[in-house]
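Heads up, the next two complexes both have chain A, just with different partners, chain B and then chain C.
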Partner chain A sequence: MAATNVVSARRPPRSSSRAKRRSRTFYLFITPWLLGLIFLTLIPFIFGFVISLTNYDGINLPTVKFVGLDNYIRAFSDQYVSFSIGRTLVWTAFNLPIWLGLSFLLALILNQDVKGRDFFRTLYYLPSVVPAVAAVTVWKILLDKNNGFLNGVISLFQPGTAVGWLTTYALQGMTAIAVWSGLGGGMVIFLAGLQNIPDELVEAAKIDGAGSWQIFQYITLPLMTPIIFFQLIMGLIGSFQQLVYPLLLATVTGQYVSVPPRSIYLYMIHTYQQIFANQRYGYGTALLWLLTIGVTALTLIVFWSQKFWVYSGDIPETEGSS
Partner chain B sequence: MNRRAKDLFIKRLNRAGSYAILIVVAVLVVTPIIWLLLSSLKQDSDYMAWPIHFLPINWQWINYERVFTLTPFVKIALRTAVLGISCSIIVAITSAMGGYAFARFQDVNGNSRLFRVIIVLLIVPGIVFMIPQFIVYSYVHLIPNTYWPWILGALVGSPLFIFLYRQFFLGFPKELEEAAELDGCNPFQIFWLIILPNAKPVIATVLIFAFNGIWSDYLQPTLFLNDQMQLLGAKMATAFVDPHGNALRTVSLAATVIYILPLVIVFFFGQKYILKGLVTSGLKG
Partner chain C sequence: MSQKKISRRELLKLSGTVISGAILASCTPASTPTAAPTEPPAATAAPTVAPGATAAPTVAPTSAPPPKAVEGNVVVMAQRNELSEDQEAQFEAENPGITIELVEQSTERFFAMLAAGAQLDLYRTQAPIVPSLLARKLLYDLTPYFEASELIKIDDLADANKGYWAESALEVGSGKIYGMVKDFSPDHTVWVNDAKFEEAGITPVDDTTPMTYEQWHDLANQVAKFEGDRIATWGFGYSNGWIDRIWMDRLAETGKSLYKDGFTKIDFGDDTKALANYFYTVAKERLCESPVDASPNGWAGGDFAAGILATMQYGYWFGGMCETDANRGKVRMLPAPTWSGVHQDPTVTATGFVMMSGTQVPDAAWKVFEWYMGGQPSIDRAGSGWGVPALKSQWSLMPNTTPFHQQVQKVLAGELAVSNVKLQYNPFLGEGSFYNAWNTHLNEALTGTITFDELCSLTEKDVNTLISEGISRMS
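Take a look at the complex of A and B:
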C-alpha cells in the first residue's frame, strides 16, 4: 500500500496526503475481493498443487506421502488420459465450429432489416436461460432411443427406428444440446459487434459499387475478427473444460460416480472420476493442473495467431459515429 | 437495367434464404420446448408408449398439481430461492465496491495490475478452482452440510460482476461525487448515497445474473451438499420418486417446466439488462 511514486511525481507534493488517502480508500473498497483472491482462489490453488505431489485420498491425512512428480509422470502412461484427450479434441472440433458458424450466421441475418427481428432474437436466446440440467432433460426425452420424439418422427417413415442418439451417437447428441444452449449467447455478442460497424462504411462501399458478398468479405468480416477471436478463445476454453453435459448424460449415475458413454468420456470426466469416484485426489489434481497448463498453452497459441488474422486497428472513424 | 434486375433478383433470393434459415432454426429451437410441455401433460404409460404418442391421450394437467403434492419440489425450491436471493444481494454490493474502486481510483498504485488479475480470472472457468475449493472446504468441514461456500463466494464479490460495475462506473459522470466530496461526504457515504442509487441498471443486471447462476447451477451443489441440504439445480438431474421408489416421470417433467419458468419470466422482464450485461462482458477487448 505504499504511496505511489508515479502519482507523487505527477502531482504537487502537498497532495501526497490525498494520494495516500485515496490509496487507502481503494484498498478498503477492494478488501473483500482481495481476501477472496487470497483465501478462496490462490490458497486452494496452491493447496491443490501441493496435493498433486502426494498420494492424498481425501481421508487419511496421517498416511499422506510426498510422491514428487509421480502423479504427473503417471498421466503420460495412463491410456485413459490419451483416450479422453482424443475425445475432448473431437468434441471441440465438432462443437466449436458449428456453434461459432451458426451464431455468426444468425447474427448476420438478424443485423439486416428483416421482419420480426426482435422476435427471432428473443426466441433464439430463450434456450440460453434454460439451465444445463434442464436442457439435458429436455434433450433426453427428445432423443431417447426407445420413446424419444426424433426416433418417433423417423419411425413414421421408417418404422422401428431406435437410434441411440445419446449413447451410440452421444457426441453428436451432446453437440446438439450445447449448440441449442449456446446459440443465443453467441448470437447476441456477434450482433453487438456487427452494430459497432459504422453504417457509413457500408454505404460508402455500396456507392463504390461493392456487392453484398464484397462488403462482407472486405468490411464486415475483417472488422468482426476481434470478436470472432474472443469467441474462439472462450469457446475453446469452455469446450476443453466441459464436464457438466457428459456428467448429466451418464448412463450409470450416483451422487459422485457417473460413467458417460465412451464417445463423450472427456478429459474433465476422467479427472472427475479420479477424484470423486476413486478418491485419487493427488492424481486428480495433477490432471487438473495439466489441463490448466494445456489450456493456457492453447490460449497463448491462439493469441499468437492473432497477428495473422485479427484486425487490430480501430474501427475507422466516420462523421456521425461517436 | 438488366443489371438492376439481376441485383434485385439476387436481393430477393438472399431475402428468401434468410427467412428460410430463420424459420428452420426457430423450429429447431422451439421443438424441444414444445415436446417437454407435451410430455409433461402425459400419463407415465402414455409417455413410455411405442410407437410414440405425439399428443397426450388424457391431458394430465394434474401433473402440475402433483409436483406440489407428491414431491418435495416446493421445499427445495424455496430453500434455493432464499439462498439465491440473499447471495445475489450480497454479491451485488460487494462487487459494486470493487467495481467502483477499479473505476474511480485509477491513480492508485496497483489498480491496473490487480485489474489484470480480474481479467485473467474472467477467462479461467470455475471448475479449475472448484475442485481445489472442494478439497479445502471439505478439510474445514464446510462441506457437505453448510451453505458457507455460497455465502463466502458472495461476500468476496465476483470478477465478472466487478468487471461489469467498473465498465458502468467508467461512464458515470464524476460531478456528483465531486460535489458530495465538497459537501464533506466520506468515500463510503459517497458510495452508499450517491453511487449505488444511481447504478440501478447495472445492479439489476448483476442481481439477475447472480440469481440465475445459483438457481441454474448443477455442479457446485452436487459436489458441495448432501441430500438433506440439496439445492434444486442438483435435484432436477434425477426424476422425483413416489413413496415406493418408482420414478414419477411426467410429474418430474412438469417440475422441470416449473423449474425453468422463473428464469423465463425474469428473462422477459429483464431482457435489456441481461443482454446488456452479456454484451459488456463479451466485448471487453
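Take a look at the complex of A and C:
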C-alpha cells in the first residue's frame, strides 16, 4: 500500500495533463480577444479618462494642463448638454418602440409557413447590410426639401410642395431611415427566438381551444420576453450612442463641423462638435465618460426591471400547489 | 542533474508578456513633440539647388565641408489627387535616396500623428491656419532654404505667399518664411450662370465694375425662382465655411478687424453685426443653402455646377470645375463685390504646404517641397486652371485659349491687382470653431428659437470662450 502510494505520488495522474492541455487551449483561444480587450478597449478607456482630466486640444501635448474634474462639472452647466440629452431621450422614445414593434411584427409574420417566406426574409434583411453612408445618401435624394423625389411626387398633386422631411421633420425622417435600416437585423433576432418556442406548447394550446391572440398573449409573448429584453438593452445603448445618422444628415457640414437640424441635435453630436469643431478633446472625452456612466446606469435599471416582466422559465408557485 | 522545464502555462504567460512589451514599446512616442526650434539645425549640407544650376552661396564659412547626398524618407500629408503616384515615382527616380510617403490628409490623423510623435515632415494646410500652428511652435523656418534656392526665387513669389510669412503668430505677412501656397485664388469673385439671368429676364451683369453686396443681394432676389415653397433656382451662393474669413476681408476694407484686444476677443460691434445681418437675411429669404435649406448637391459649388444656382462666390479655382453640360457657355466670373466701396480681393484660403518643426529630414523634405512647389508639378498645376500659380513667372501658363478662360483671365487680372491685403487670422481659434458656432446659432435663429440679436450675442460668447481657452492652452 505504501509502495503504491509512493508510485502514485511520483507519476502525475492522466487527468492532470488533460487539464493542462485544456487550459493551454483555452488560453490560446482567448489570447487574441484578450489582447484586443486590453489594447483596443481597456487602454483607450483609461487613456480617455486621463484626457478628460486635462485641457488637451489634440495638438497641445507640450502645454497640456491637468484640470481635475472641471470638464465634468462643466457638462452640468452646459445648456447644450441638457438640450442634447433631451433630444436623445425624445429620439429614443420615438425610434426604439417603433423599431422594436415593427421588427417583432415582421418576425411574427415571417415565422408563418407561407409561400415566399425565405425570399421576404432576405428582402427585409437587405437594408441592414447597406452601409450607413450609402443609405443616408440615397434617402437624402429621396427626401430632399427642394429637389427630393418624395416632394416631387407630392408636387404632382400639390404643386410647390417642399416639406422639410430632413429639416423641419428631421426627427421623423431620421427615424424612418433608422427603422428601415435596422428592421432586418431586429427581425432576424426575433425570428430566432420565435423558432425556439416549442411547437408542443402551441399545439397543446390549440387543442385546448386557444385562439391566435390567446396563443400570442399567453405563450409567444411571455417566451419572447428574454429576446425583447435583449433587444431593448441593445436598442437603448444604440440610441444613446447614435452619431452616424445625424452626422450624415447635417445640413451644414465642413471638414470638422456638422450642424444637424435642432430636432436631431443628439448628445453624441454635441460631443463630436466639442472634440472636432472646438478642439476640446478633454471636455469631449469627459462627455463620453458621462455617457458611459449614464448608459450603464440605465442598463442596470432595465436589468433590475426584468424580474417584473421577463420570463425566466420558473413557474411561480400558486396557493394550494404542492 | 535535473533541469526544470517551463510549463506550457508559464510559456504562454511569458510569451504574452513579451508580446505585450513589444507592442507597448512600439506605441511609445519616439520623441515627445516639445517646443522644437523653428530655426533649422546647423547645416551639415548646403541647402538644395536646382539641377543644372550653379551652387548657391551659403552662409557657412568658406571652410565648410562638402555637401553630402541628401537622403531620407519624407512623410507628406496631402491629398492623393494633388500628388499622384506617378509624380512620386518621377521624383524618386530623379532623386535617389529620397522617398516620398504620402499620408492622406485628415485633421484627426494629423492630431494623432503629432500626439504619437510619428514622423510628419510636410503638411498641407491653409494660410489662415498658419498663426495657430506657429503659436504652437509646429512650423520649421524655411527662410534659409528659400534664400538659397535656385528653383524658387523669393522675388518671384506671389503676394498670396505672404500668408506663410510671419514674425510671430500675431504678425503674419512679413518676416520668416514658413511655407508656400501651391496655388491660390482671389477668393471673393462671383461666378454667374447667365442662363438663369436670361430666364429671369435680367440683363447679364457687367464684368468690369464690381457690384456692391447690396446689389448682389438684390440680384439674387430677382434671379431666384420659387415654385410654391420649393426653391427651383437658388439665387445666392457662398462658402459658409469661410464666414469669418469673408467678414474679416469686408471689415478690412475700412481698416477694421473682426477681433480686438490683441485677438483675445471678437469685436461684434455694429460693423460686424451688419455683416451678420446680411448673411442671416440671405439665409432667411431662402436665397442660399442654410441649416434649414440644405444644398441638394451637398454643397453650393455642386449646385452651381448642376445649373440650379445663379451666383456663387468662389475664387478663380472654381473655374476648374464650374462649367458643366448644365451651364456650358453661360458661366462668367465677376469681380469681387465691395462692402464699403473699397475693391479688394485677397485669398482667404491660400492652400499650401509647411514643414513641421519636428522633422528629422529637413533637407530631404525641402527637396520634395522645392520640387513640388517650383518644379514640374507646379508647371502642371499652372496649366490646369485650378488656381493662380504661386510663382509669378508661371502666371502666363494659366489657360487662356477658350472664350471662357479669356473672360476669366480678364477679370482675374483686375482681382490680382487688388489681392495684396494682409489679413491676420486668430491664432487662438481652431479651424472650424467660428463656423461651427455661427451655424449652430444660425440654425436656432432661422427656426425662430432665438432672435437675431441673440444669434449675435451667443456667437460672440461662444467664440470668446473658445479664444480664451485657446490662449490658456498655449500658455
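One rule holds in what follows: the second predicted complex is superposed on the first by the 282 of 322 C-alpha atoms of A that agree within 3 Å, B and C clash if a C-alpha of one lies under 4 Å from a C-alpha of the other, contacts with A are read in each partner's own complex, and residues count from 1 in each chain.
In the analysis below, contacts are C-beta pairs under 8 Å (C-beta built on N, C-alpha and C of every residue); 3 or more make two chains touch, one makes a residue touch a chain.
Remember, it's a predicted structure, so these values are computed and weren't measured experimentally.
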Query: Put the two structures on top of each other at chain A: do chain B and chain C fit, or clash?
result: clash
Message: Looking at A:Gln273 after the superposition, I want to know if it touches chain B, chain C, both of them or none. Which is it: first, second, both, neither?
response: second
Winner by number of chain A residues touched, once chain B and chain C are compared: B
- request: Once the structures are superposed on A, label A:Lys145 by its partner contacts, choosing first (chain B), second (chain C), both or neither.
  value: second
- prompt: After lining up the shared chain so the two structures overlap, which partner does A:Leu123 touch, if you call chain B first and chain C second: first, second, both or neither?
  reply: first
Message: Looking at A:Ala93 after the superposition, I want to know if it touches chain B, chain C, both of them or none. Which is it: first, second, both, neither?
response: neither
Message: On the A-aligned overlay, A:Ala297 touches which partner chain: chain B = first, chain C = second, or both, or neither?
response: neither
Message: Under the stated touch criterion, which partner chain does A:Thr168 make contact with: chain B (first), chain C (second), both, or neither?
response: second
- request: Could you tell me if A:Leu69 is touching chain B, chain C, both of them or neither one (first, second, both, neither)?
  value: neither
Message: Identify the residues of chain A that lie in both the chain B contact region and the chain C contact region.
response: 23, 27-28, 35, 39, 58, 146-147, 151, 155, 159, 253, 255-256, 276
Message: Show me the residue ranges of chain B that touch chain A in the complex, using the header's touch definition.
response: 10, 14-15, 18-19, 21-22, 25-26, 28-33, 35-36, 39, 47-52, 54, 94-95, 97-98, 100-102, 105, 107-111, 114, 117, 121, 123-125, 127-129, 131-133, 135-136, 138, 152-153, 155-157, 159, 162, 187, 191, 212, 215-219, 222-223, 227, 233-234, 236-238, 253, 256, 259-260, 263-264, 266-267, 271, 275, 278-279, 282-285
Field: Of all residues in chain C, those that touch chain A in their complex
entry: 7-9, 12, 16, 19-20, 23, 32-35, 107-108, 110-111, 114-115, 136-138, 226-232, 240-241, 289-294, 296, 298-299, 308, 430-433, 435-436, 439-440, 443-444, 447, 449, 466, 469-470, 472-475
Chain A residues within the chain C interface of the complex: 20, 23-24, 27-28, 31, 35, 38-39, 55, 57-65, 140, 144-147, 151, 155, 159-162, 164, 166-168, 251-257, 259, 261-262, 273, 276-280
Field: Contact set on chain A toward chain B in their complex
entry: 2-7, 19, 22-23, 25-30, 32-37, 39-41, 43-45, 47-48, 51, 58, 102, 105-106, 109-110, 112, 114, 116, 120, 122-127, 129-134, 136-139, 141-142, 146-149, 151-152, 155, 159, 180, 183, 185, 188-189, 192-193, 196, 212, 226-227, 230-231, 233-234, 237-238, 241, 243-244, 247-248, 253, 255-256, 268, 271, 275-276, 281, 284-285, 288, 291-292, 299
